[in-house]
Amino acid sequence: MTEEPSKRVIIMVIGLNELIKAALAEDIGPADVTTDATVPHDLMGEAWIGTKQEMVLAGISVAERVFKIVDPTIVFERFAMDGEQVPANRRIAAVRGSVRALLIAERVALNLLQRMSGIATLTRQYVEAVAGTGAKIVDTRKTTPGLRALEKYAVTAGGADNHRFGLFDGVLIKDNHIAAAGGIRAAIDGVRISAHHLMKIEVEASNLSEVEEALQAGADVIMLDNMPVEAMMQAVAMAKGMALTEASGNVTLANVREVAATGVDLISVGALTHSAPAADISMKLRVGTPV
Amino acid sequence: MTEEPSKRVIIMVIGLNELIKAALAEDIGPADVTTDATVPHDLMGEAWIGTKQEMVLAGISVAERVFKIVDPTIVFERFAMDGEQVPANRRIAAVRGSVRALLIAERVALNLLQRMSGIATLTRQYVEAVAGTGAKIVDTRKTTPGLRALEKYAVTAGGADNHRFGLFDGVLIKDNHIAAAGGIRAAIDGVRISAHHLMKIEVEASNLSEVEEALQAGADVIMLDNMPVEAMMQAVAMAKGMALTEASGNVTLANVREVAATGVDLISVGALTHSAPAADISMKLRVGTPV
Amino acid sequence: MTEEPSKRVIIMVIGLNELIKAALAEDIGPADVTTDATVPHDLMGEAWIGTKQEMVLAGISVAERVFKIVDPTIVFERFAMDGEQVPANRRIAAVRGSVRALLIAERVALNLLQRMSGIATLTRQYVEAVAGTGAKIVDTRKTTPGLRALEKYAVTAGGADNHRFGLFDGVLIKDNHIAAAGGIRAAIDGVRISAHHLMKIEVEASNLSEVEEALQAGADVIMLDNMPVEAMMQAVAMAKGMALTEASGNVTLANVREVAATGVDLISVGALTHSAPAADISMKLRVGTPV
Amino acid sequence: MTEEPSKRVIIMVIGLNELIKAALAEDIGPADVTTDATVPHDLMGEAWIGTKQEMVLAGISVAERVFKIVDPTIVFERFAMDGEQVPANRRIAAVRGSVRALLIAERVALNLLQRMSGIATLTRQYVEAVAGTGAKIVDTRKTTPGLRALEKYAVTAGGADNHRFGLFDGVLIKDNHIAAAGGIRAAIDGVRISAHHLMKIEVEASNLSEVEEALQAGADVIMLDNMPVEAMMQAVAMAKGMALTEASGNVTLANVREVAATGVDLISVGALTHSAPAADISMKLRVGTPV
Amino acid sequence: MTEEPSKRVIIMVIGLNELIKAALAEDIGPADVTTDATVPHDLMGEAWIGTKQEMVLAGISVAERVFKIVDPTIVFERFAMDGEQVPANRRIAAVRGSVRALLIAERVALNLLQRMSGIATLTRQYVEAVAGTGAKIVDTRKTTPGLRALEKYAVTAGGADNHRFGLFDGVLIKDNHIAAAGGIRAAIDGVRISAHHLMKIEVEASNLSEVEEALQAGADVIMLDNMPVEAMMQAVAMAKGMALTEASGNVTLANVREVAATGVDLISVGALTHSAPAADISMKLRVGTPV
Amino acid sequence: MTEEPSKRVIIMVIGLNELIKAALAEDIGPADVTTDATVPHDLMGEAWIGTKQEMVLAGISVAERVFKIVDPTIVFERFAMDGEQVPANRRIAAVRGSVRALLIAERVALNLLQRMSGIATLTRQYVEAVAGTGAKIVDTRKTTPGLRALEKYAVTAGGADNHRFGLFDGVLIKDNHIAAAGGIRAAIDGVRISAHHLMKIEVEASNLSEVEEALQAGADVIMLDNMPVEAMMQAVAMAKGMALTEASGNVTLANVREVAATGVDLISVGALTHSAPAADISMKLRVGTPV
């Protein structure tokens, strides 16, 4: 059993500390006036972070880092790991140290943990809804500005796969690119000349004739944009052995299995990151004695 | 008729540009490989941003600024204003300029606009649910790290009020502060000595004896934490004329009116910012001719 | 006996390191050419930081952090604490470590310590001048750009209280706001609608009729702006039990006790932070032997 | 007649905007709650910045830039220039534009202008005190962290000269460097090998035998550290034609002319930057009508 | 004819300004002491940037932006465009404006222009050396820290192609990855699970059996690492129709055509960016009269 | 034997970490997709950094810091020191730790080490070419934007000297300054008034009459700009005892000894930093077992 989702781990050596420091500055400003006034600076305590609903956990390392940035002497002990399905009312971590530090770090740590676990929890529902079909659930670029790496990591903790990270690490030719380039073939040819040789080419198609055209032009992946299920099935048949297919648009928990049943390889779901409700997590603190 | 929510406008002279630049860098990285390969650099076009569901709009100025940061020569024309209830399938803005710039700015602009409008839309539902009672809906510190100013602004666009911005601009004495200080009175006295003279004092109470104690100690506001409706009613009666009351915890659209009916002055709802689904907004682009 | 001023401690988790690094970069630039040329890199030594005048100390932790940022292996031992009245020619700290590091950190550490102790020392004079009256000395926003948190902390080390930190954590309606809003009542009503419920409202008044108007409109605090002493006394009488009063404008060490004798609750003094002469502190170093 | 001090102008192409933005963020935080609540966003007005005491002006361009950063459409008209002696109660600038912007920029603009003019004013007193002697007044590195460029500029506006900017642009061998290097000659030789060929060498001496030793070793400048006036005279005689001399330590307005009379070339005064009281400057605003 | 290399344009909306400002700060520090002392602030002039050797130009827009950042009123007129072969002693741009600004911007503008043109010039030599073969010259990650986007752009100006930008936008499985994963197939399978679906997979092989193994495992591209020419020819034959081949290691201008003749699709050359001598470019200025 | 070049050590307390973090972010972006997919997160290993050509080493501490920033638990052992002449195929360091961290840090560490060692190696050739003459080799401001401190340090590791760091720490009056000031004397007089008293004055001269004029005006150093060897000899004779002389322009390894033989004190060579080919250094890794 490993500590992180088995399939992939996004390494964020550099930027995470800056993100957390900015979040703390946003919340604390010049001072936590309540804590400064009421909590002796040498008071120690212990807190437990626990679930208030069933969820798939994501972000436990991020929460730990928030506490450590506020006070490196804080001890953080985990009882669950990212990707784990945790029942309601279960302790997922214990945190021990200065009460001032615990209180100051609490909100930022929980805000990140709740958002990430919310995404993982919703993602898991989609993943389970398509279980047994060959389809993979993937995310989109519809993420929160500034939090994309964390949110895409949470998607993997939920058991789904990532689509490209941004505009720079994958080619996705949409209708507007096609219009600008003067056709599907022209667009693909442009990418062949311009993008580096390790990039596959995905092309958006909204009907079967566009699917046909994209296949003829050598697309590696066809995005089936808002297509009816029957058309998707035909597109999958056409693309079989030539290109992967990705269903996109208006996918919900209610219809995702039907979409998967068309045989598409990938189903992208913007809601994973833009509309997942926060998972309900809270922190309980027991004040000790000054040290 | 003014262009912004009537009650308040958060001025963010300094930080918004930095937030948008960071979001663009996150999405674009070193280059938009698809657009570079398919769109001539001198191609001009026009795009329309439109709703795909009914919503309360928030963030139209923010979206405009995203486009202007990518290319200051872009022309952005608004057809709706923040705080306005907009039906589905309505154009809310037209954007004209370089197609490359339009495509590169699109996702970040929409990500911000959808999140903010999602918050405003959910907020409006809560506000309408308590219409006619004296209760005000307020937000919490359960916001997305880095986006608090935008999210709290969206709450006001939805018609609700803001609670304190962070730990620095309002005193809220919670159970842990009380435990650390050695009681409600000790905590309030500590704040009286330490916080500046323009700060009111809010105290969390979870039962009526704590309400009584907080009132005796001179609290300006009592937060009624997860109290049953009947207890809340009693608390409101006790506090009448002495302190404001704020209901907090487990408030949903289903029960908010019942909570409001207790006579509380304020009802804080974390879901406004942590669990609002994104409002569905899209951009359609018509490619013109090179200039 | 605690290590920090008894009443309040401003916590600056995030920004202080950045401030110190920027100050070091400003002073050191690409290299300390003199030290590089004359001091062996393995030479160890011991330095003593000492007073050259009587003073109230402030910033000893900040000075320590400067040395630790330059070289984490430096040992810093304190002999006095912030808020302490220290006579002239007294050692307040010993610093041991690499001579290069000691010399490179010296100026920035002393510049901060001298400014902060200068503020604490001047503040203490004001505080003592009003001893026994009920008046509190408070600071203003007339601080050095970039150093407000440190300077306001130094004010508390001197024994006075802080006014609001900035424009965001307290409401202060001045003559221009009143003119813009169309009168005192309109301005206060505007704030009631717009500011959050934990903010008290202070209103500037320059004569007794404005005091009356502000009281009628429900101001929590009245700032008596440049009023004659007699008028202040009348204002205090009018406000008694209804609002706090703050004397502001042209307060000097010579007249502060007379102002306090009017019965005002608060006296704000810009000079605490904008005109305090630096306290005279120096560092003596004894070079040891290479290690 | 030029707009800036005749002798030198420090060009700060890059950093000044960042400094001002940070100062504004420090003061405004998430929002100016009073102005937002009381001033219509379309209200225009005019303000005058004026002196409340006689002073030497410094920083008028810096103040202008603060207003322009808050709102580029503000019009700023100057009536006086840096380095100019301005009597009390004189308007030095008019500022026209959005009342919100004027109020938000006011404090930061004045804080910088008052500090810089305070330094220029004190500096001018020292310069006039030594008028007619050959001695130049120079500043030191005892400046406010983060503001060194502005403060050293203010010194030149006051009519004095700058010493080296930091540790990187001039060699100053102090007692500790001498002890570390094993003597004055060894220290100077070390610098000859290590520093680049455009650097002169200044050596601190606290008695005449050290002066002699520094001259023998070829120092370009001798800093006479806390020497009695008689010894300084002898040192000046010894150094004549061989090295410049700089008086340093315990120089006040009361004794600076006596020091200058010793014939020293330079007199460095830390108080210029670390203990100059702020010049009293205020802004008066007249609210216009919404536009 | 367009103004930029025909095949690709790297868009750097966000980061280039920051890079240039940092470079200017590095060079100017607190002030250009020579220019401040000798050049009147209102003196205008005209400068010509010209070649002192034959070269392929790259970076003319970057140079322009340096001047514009120092002074937005500077007029910059181009006489040549990126990617153009320019003979020696030819003017490539005229720059008109404040002499101070021209002198302050000169070095940073030239340093960037010379480096980028040096890269383009060397690249063109490699491109021409393989002209007529099917091989493409590509760059590597052996770029100058901080300048990768500019250097990779310069490579395209020279007529070659880019390899992946960094570790994030392309999969390249090297010997260490293979050892860590436990074999070529295991490594490729790991990537198939973990990397998103738009990434092709390149595998390093140092002999023909590794080439065979990589082909069997389905690699999209085989990097032939330091292979003899004969082995490369065999590898090309083996991979034909199954995978692209890339020659890597010890490629020089002397042997690159021989390498290309093996039939490889791509030849990567680290020297393009890590060892290109600067192209010789200078600026001549004619001082005008004060305006 | 010391660990650093004997003559000088540039201390870079503040900026180096930021530079390295930026370089890592540039290379890694959101994730190293190959390493994440193929290397178990708990796999440990050992790597050796070794030379592939003879070189003068520079930057070994910088390389160490790259690894430590990626993972502070990495152990870095040096086998050679900066300034040391190292033969080909020699191990210069061993690095032990997490294989993921080793692979992620490798390229940035090598890119810096290769560039710095390339500069040191080329510099050493120039230094040896003038051995026995009195001439010193010095660098210029023709450095890579952002890397000046590292490149100038590498020059000293190669055994040469630094010229001024930037525009701020040395006066160099060039032809344009002379034209702007209205002559050599006017320019020097301007500097005397404006620059601080620790700055020497260097003046560019392109013929003997300018040399004469600069000497008459009291220049400390004369830069002989692109002068023929014979003229340089005359200039050296003229300047003897009055000023140092610096040869500048068109100096190559082929002609540097002839230039040195003219008796000039300094020879500045831009190629040291702008055209040094990277030294060939590689890292070999042996994968261990998961820990």
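Labels for the chains are A, B, C, D, E and F, by order of writing; each one numbers its residues from 1.
Everything below uses one rule, namely that contacts are C-beta pairs under 8 Å (C-beta built on N, C-alpha and C of every residue); 3 or more make two chains touch, one makes a residue touch a chain.
This is a predicted model, so every value here is computed, not measured.
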item: Minimum number of chain-to-chain contact steps, chain B to chain E; value: 1
item: Same or different residue numbers at the chain D/chain E copy interface, by half rule; value: different
item: Whole-Å gap separating chain D and chain F, where each centre is the average of the chain's CA atoms; value: 34
item: Cα-centroid distance, chain C relative to chain F, in whole angstrom; value: 45
item: Intercentroid distance (Cα basis), chain B paired with chain A, Å; value: 22
item: Separation of chain A from chain D, taking each centre as the mean of its C-alpha atoms, in whole Å; value: 52
item: Sites on chain C at which at least two other chains make contact; value: 8, 28-32, 35-37, 104, 148, 165-166, 168-172, 193-194, 199
item: In the complex, chain E residues that touch chain D; value: 21, 24-25, 28-32, 35-37, 41, 69-70, 100, 104
item: In the complex with chain A, residue positions of chain C that touch it; value: 2, 4, 8-15, 148-149, 152, 165-166, 168-169
item: For the chain B and chain A complex, residues of the former touching the latter; value: 19-20, 22-23, 26-40, 43, 45, 99, 103-104, 107-108, 110-112, 114-115, 118, 141-148, 165-174, 176-181, 186-187, 190-191, 193-195, 199, 270-271, 274-275, 277-278, 285-287
item: Chain D to chain F touching residues, read off their complex; value: 7-8, 138, 161-165, 168-172, 193-194, 196-202, 220-221, 244, 246, 265-266
